[in-house]
Amino acid sequence: MGGTEQATLLDATGVAKSFGAVRALTDASLHVAPGEVVALMGANGAGKSTFVKILTGALKPDAGRVLIRGEEAHVGSPAQARRSGLVPVYQEPSLIPDLDVADNLRLGDTPREAFLHWVHELGIKGVRMDDMIADLPLATLRILDLARALASEPDVLLLDELTAALPTDLVENVLRVVRTQADEGRGVIYISHRFTEIAELCDSATVLRDGKTVGALKIEPGVEDRCVELMLGAKLSLDRREAGAARVNTGVPRLRARDIAIAPKVSNVSFELYPGEVLGVVALEGQGQDEVFDVLSGHVKPTGGTLEVDGTPMHFGHPADAIAAGLSFVPGDRAHALLRERSVRENIALPFSARIRDWGPLKGRHEKQRVDHAIEKLQIDTRAQGEVQRLSGGNQQKVTIGRWLAHGVETLLLFDPTRGIDVRTKRQIYPLVRELAEQGAAVLFYTSELEEVPLACDRAIVIFNGRVVDVIDAADASEEALMRAAYGLTEESAAS
Amino acid sequence: MNRRLQKHAWTLGLVLLLAVLMIVTKLIQPSFGATGLESLARAALPFAFATVAMAIVVIVGGIDLSIASMMAVCGVTAAVLMQSMGVVPAVAITLVVGLVMGAINGTLIVVTRVPDIVVTLAMLFVWEGVALLILTSPGGTVAPGLRSLISGAMIPGVPNALIFMAAAVALVWLPIRRSKLGLSIYAVGSDELAAFRSGINVAWTKITAYGLAGLLSAMGGLSLIMLTGIGEPVPGPYLLASVAAVVLGGVVLGGGRGGLLGPIIAVFVLRIIRTILTLAAVDPNVTTIVEGVIMVAVVMLGAVLTYRGARG
Amino acid sequence: DGHGNYTIGVSNTVQGNGWREQMICAMRAQAAAEGDVESLIVAHRNTDAAGQLEDLNNLIEAGVDAIVLNPANPDALNSALDAAIEAGIVVVAVDAGVSAEGAYILSNNQEEYAYLGARWLFEQIGGEGDVVYMRGIAGVSADTDRDNGFRRALEEYPNVNVVHEVFTGWQQDQGKQQMFDFLATGIPFDGVWTSGIDNVIVDAFVESGAPLVPIVGADNAGFVQYLNDIEGFTGAAVTNPGSVGGAGIALAVDILNGNAPEETTVLVDPVLWENATPEGQETIAGALNPDLDPEWPVSVSIPGWTDYSMEEIIACEG
Amino acid sequence: MSEQPRIHADAAVETGFKRFGRYLADNPVIPLIAFLLLLVVVLEIMRPGIVTPFRAGRDGIISTFWVGNLIKFAIPLAMLAACQVLTMLTAGIDMSAGILATVSAFVCATLAPLIGVTPAVMIALGTGVVAGLVNGFGVGIVRVHPLIMTLGTGLIATGCLQVYQRFVISTGTLIPETLVWLGTGRTAGMPNGLFVFVPFAAAVLYLMRFTGFGRLLFALGSNEAAAKLSGVRGWQVYLALYALSGLIAALAGLLYLGMIRTPSLSLANPLLLPSVAAAVIGGTSIFGGRGSFAGAIVGALILRVIDTMLTLLQMPEGARIAFFGLIILLVTALYVRITGAR
């Protein structure tokens, strides 16, 4: 595509930024030419989001030079960045929750026609201009964010893990649209932890490690290994789990769901989860998997069906009841799970004090032992442990898992635990999940990334349109088979 | 349509409540009529301005504890100025003083990064002191023309005080509400970070919102002296009343949600409850209890309703 | 004699202060004692002049025959008071005056109150020396009136010097703290004039071990008790009866019954009780009432005006 | 706040000043104590000798030990500030604390002659707990905003107190001897109130830092959804918290009663806003999740010193009030600036 020797659109060199003791960026640089899609890669906490925020004026750098179309630029605020043609979609949704769609557009002077065009183009239907942002699901918000950015016709589009929370079909639309943007001569900075997307979309990759740009590569077949090497500083790759002998589940299931219904989304979900097994959940966005996890974790009461734990029927009125029954829940949105301004230790130890009988003096040594064990096990980067919000996204996610590791796990409910997590961290999480299962825990594992299912799970249930439509043996399921199942195509495939 | 209705359900409920209370008043005191309505509207004036001022800062995500003190400053300023100059310049200067005081509050919040509740708690004392420096004891004069503005009813059944209030609030708020500034105020209150990232100048929006609150406090101060004819340097009981009315009126503490109509109706509800209790010759100490209970009960009801709403 | 079944409205703007509570109870007791009063509607809360206007309008709306009020301000209430008088409602202001034409005023003479006490104090310290001047709430009419009286006395004693002037906000705790603070500075002074907050000032001396100086306060039960009990303490209490409220009711009924006084303004002059002379000590011993709420003035009735008994005012019903 | 301003405070290079700033941020009480000492020095310069204990007065040795007074009057303020710190940890506030203290004091003083001292004290503390439970019910179970809930309870409590006082006008009052001893007595120049306050403060500090309950307060203020996810039943904590706050307020009221010895109907009400100020000066965030009682104690002392200074300065009342406000703002702003916390 666009020749790299052309005048660059965006040229950043030597960008540095510290947050107190944490040096998020030390020497970051990046070049974007017209028509080029640059992948910005790096492990969790490498500084990608920080870089994007600096380029778009949401943060002020401590040092560095930014040239826009060859001219030195001081981007003081997001508004100024927008005027210079730099339009971001940040990692966190940036629409105003209490305004409706129309008002959000007026606020940013976004042309309405163009916006609607892009919403349509990206394949979102049924969004009305008077919908409150707060009422919309996360995936829709991400798309609206993107449509808003596209509508302002940016010169450089900066997309920070836009696809992390998107179902597969929407990801495809996004990739297509972004590609067209580049073909029209715009520049794109694209952040994702998924190599497949990067291979499909990007022209080059700039790799950050520990806040420093360590390399810029052209994307060509086989570049993954080189990228990973640069990102991690050593050669690493994702290995498939060796397909072991298929598990034989006998005895009483740890968790049995029978005909669970949750009006209006879920009509019939039944499954059994046995001790020692990792049961995957395969589903496209919004098929009712959120609701099922809400029921299992005690947040929502089902409108029908029964739930048995170790053969005993259970009714959860509060997450505490589920926890008492041994069910530990790790939500997809870590913002819901973390005490942002408290320490790593307090976050992990939180369940230790939950019940009234634990309101008394803390058991310091006992607590420290178990917390330290969890931190070590998950290799949480504790440089900024005084406040969890200073950790990177990946490390924050580890803390949410570490909490239950320290507390002791019988049944672990993982909802998309690897959303927006880098390869290295993922590589730590799969074996951990396996290990927990081998030690006798039962794990229910939903992931939005289908290729993870064979890596971590023994079996997988497929939820489509609020029902369990299939159970597949995950260990040797191909991605294609999983995909077909997720789209509810199993019956036909069986017929053909 | 349904959505719109849902959005304004709380306000509609308040209107209904007000209507019921009016009927109760009429039942207790059959002679309650135009003059009763007029004095109700007049009594509501300072509360309404204080409440509207409070509502704007609550919508932007803050709170202003200094509103009653700013009203006192503006009251004494106008009363003193009117001794030496015409009504129009005196009123104009007073409005500017209010605007500036509010903007100072906002600027301090933005610049010092001290939480709004703390800054305005401190400014509560500062403005109270300033009022006492301007006038050590009640005094000053108010032009009779100004006072007659809020008495009587040009349109039968609609008290002038009500028209005055509606006109003043509409003049300030309507042009802003639908403008980008108005949206920015809601946006900043709803999610400051998202607002900043959407390209809104958060600092400026806050300062403007606090400035508007100051301006409306100035109107409140003016309405006070229009009622009494003198300037009083000691702040009246408008702070807690305005917080209560704002919440009763459906504005969410924390920002981003609610309008100005609900709080104004809430002011009338609170005022008419006092009228009813006086007419019914309820023991005044019990009146305090009743007011407290009503405030808590209505807000509890609101909490329960929204809780249900969020579930259903 | 029963001329009619009157409904009387009461408006007061300070709640939670012993003096005002006594005033309200005196009103209730007097209304009960008068045969002609059928009911009393009381609007009694913490508010400003604008709030009092609201209460007054509500009382007019309720159709009262007379209004007895303790005005928040002499000039601010005229719109409502004029309307009341025009509607034939008898208006009696107690404790402080109002400027509305046709309103009756039955007031404690606040200027005289301060003057009387201050003069006694200056006399007591020998016409010269340093005094501490503890005022009430800045910007409130009663405080301003008392200040005028105090200044008048001060002018008569040019050798008396105010070494320290503070506002207690009419709050016991604040007054006590301020006295402690001032005692701690070690600045010498010879007497204290304090507006209403008095027994805690004596406490501050006793507790810090400072030698007592002459102190002038009001006739609050607690302070009068101290005047009687504490060895070596000279001081004076100036009466400021809250029962003026009861007198106001009596006056309102008289007017309603056609016995209006010739003057629209009646000033209840304060009396000074000191414990420096044997006669004075006797007066104080007679006025004592150890069971009374210490914030209540001991002068619970005004002879010639009020008709209730001690039990009736304490019952506070009516 | 947006991310933008945070940057200035934390910016860049590891200068010595920065490191010092961070040290102070981790030990927020230190700059506050430094400021307190500075104020005391200024006061001593303004009125030489005031700080010195056991100084010769006009008539020989008198024990107007100013430091003792300072501490004495700071004690009830600091106790009410404890109510604010604890509730603020959960992003709440207790606007009824001042009135509950007053109610407790008044009830105790008026009931003591009727039913004896111990039952009177018990009932007085009980009123605090009951009112606190009402607050806790509203905040924790019905989910009313704490500001509104506690304002409403305060209003109701005021009304109840007014009605109650009509029944006890003539019963006389009795201030329990122990309270008077605690409130007015001195041991080695220091107020006896410390005999209650020191254990109290130790208990609160221990509660906040070393108990599960304390940890839950921080957790709820920081992220209630996360706490719920971890199995915390929020309503239980709120109920206990506000009941505790009511109890502390009632206790502060009793101590204050012993100090002032006049059970007025508004005795401790004026302490409410200063108690909020003491808490925020002491570094407690009204947004929850961050707070220090040690800081609040120093905050209360600072407010008292400022009070003394302004009383002694002999400026017009308006200027005095205005300065009080300005200084609160200044201290909090400096504190925020130095520590980068809010």
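As written, the chains take the letters A, B, C and D, and residue 1 is the first residue of each chain.
Assume contacts are C-beta pairs under 8 Å (C-beta built on N, C-alpha and C of every residue); 3 or more make two chains touch, one makes a residue touch a chain.
These numbers were taken from a predicted model, which means no experiment stands behind them.
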With respect to inter-chain C-beta contacts, which pair, A-B or B-D, contains the greater number?
-> B-D
Length of the line joining the C-alpha centres of chain A and chain C, rounded to whole Å = 72
Please work out the Cα centroid separation of chain A and chain B, and write it as a whole number of Å.
-> 45
For chain B and chain D, let me know how many angstrom lie between their CA-based centres, rounded off.
-> 30
Centroid spacing, where centroids are CA-atom means, of chain C and chain D in whole angstrom | 33
Give the residues of chain D that touch two or more other chains, as numbers and ranges in rising order.
-> 2-4, 158, 162, 166, 317-318
Send over the residues of chain C in touch with two or more other chains.
-> 15, 138
Sites on chain A at which at least two other chains make contact | 58, 77
Just spell out which pairs of chains touch, all of them.
-> A-B, A-D, B-C, B-D, C-D
Chain B-facing residues of chain A, complex | 58, 77-79, 82, 88, 90, 92-99, 103-104, 106-108, 130
Complex contacts: residues of chain C adjacent to chain D | 15-18, 21, 25, 138, 164-167, 169, 171-174, 176-178, 180-188, 199-200, 203, 207-211, 222, 290-296, 314, 316
Spell out the residues on chain C that touch chain B in their complex, using ranges where they run on.
-> 15, 39-51, 53-55, 57-63, 73, 75-80, 137-141, 143-144
Okay, in this complex, where on chain B does chain A touch?
-> 3, 180, 183-184, 186-187, 189-191, 193-201, 256-257
Could you please specify the touching residues of chain D with respect to chain B in the complex?
-> 1-5, 138, 142-145, 147-149, 151-160, 162-163, 166, 273, 276-277, 280, 285-287, 316-326, 328-329, 332-333, 336-337, 342
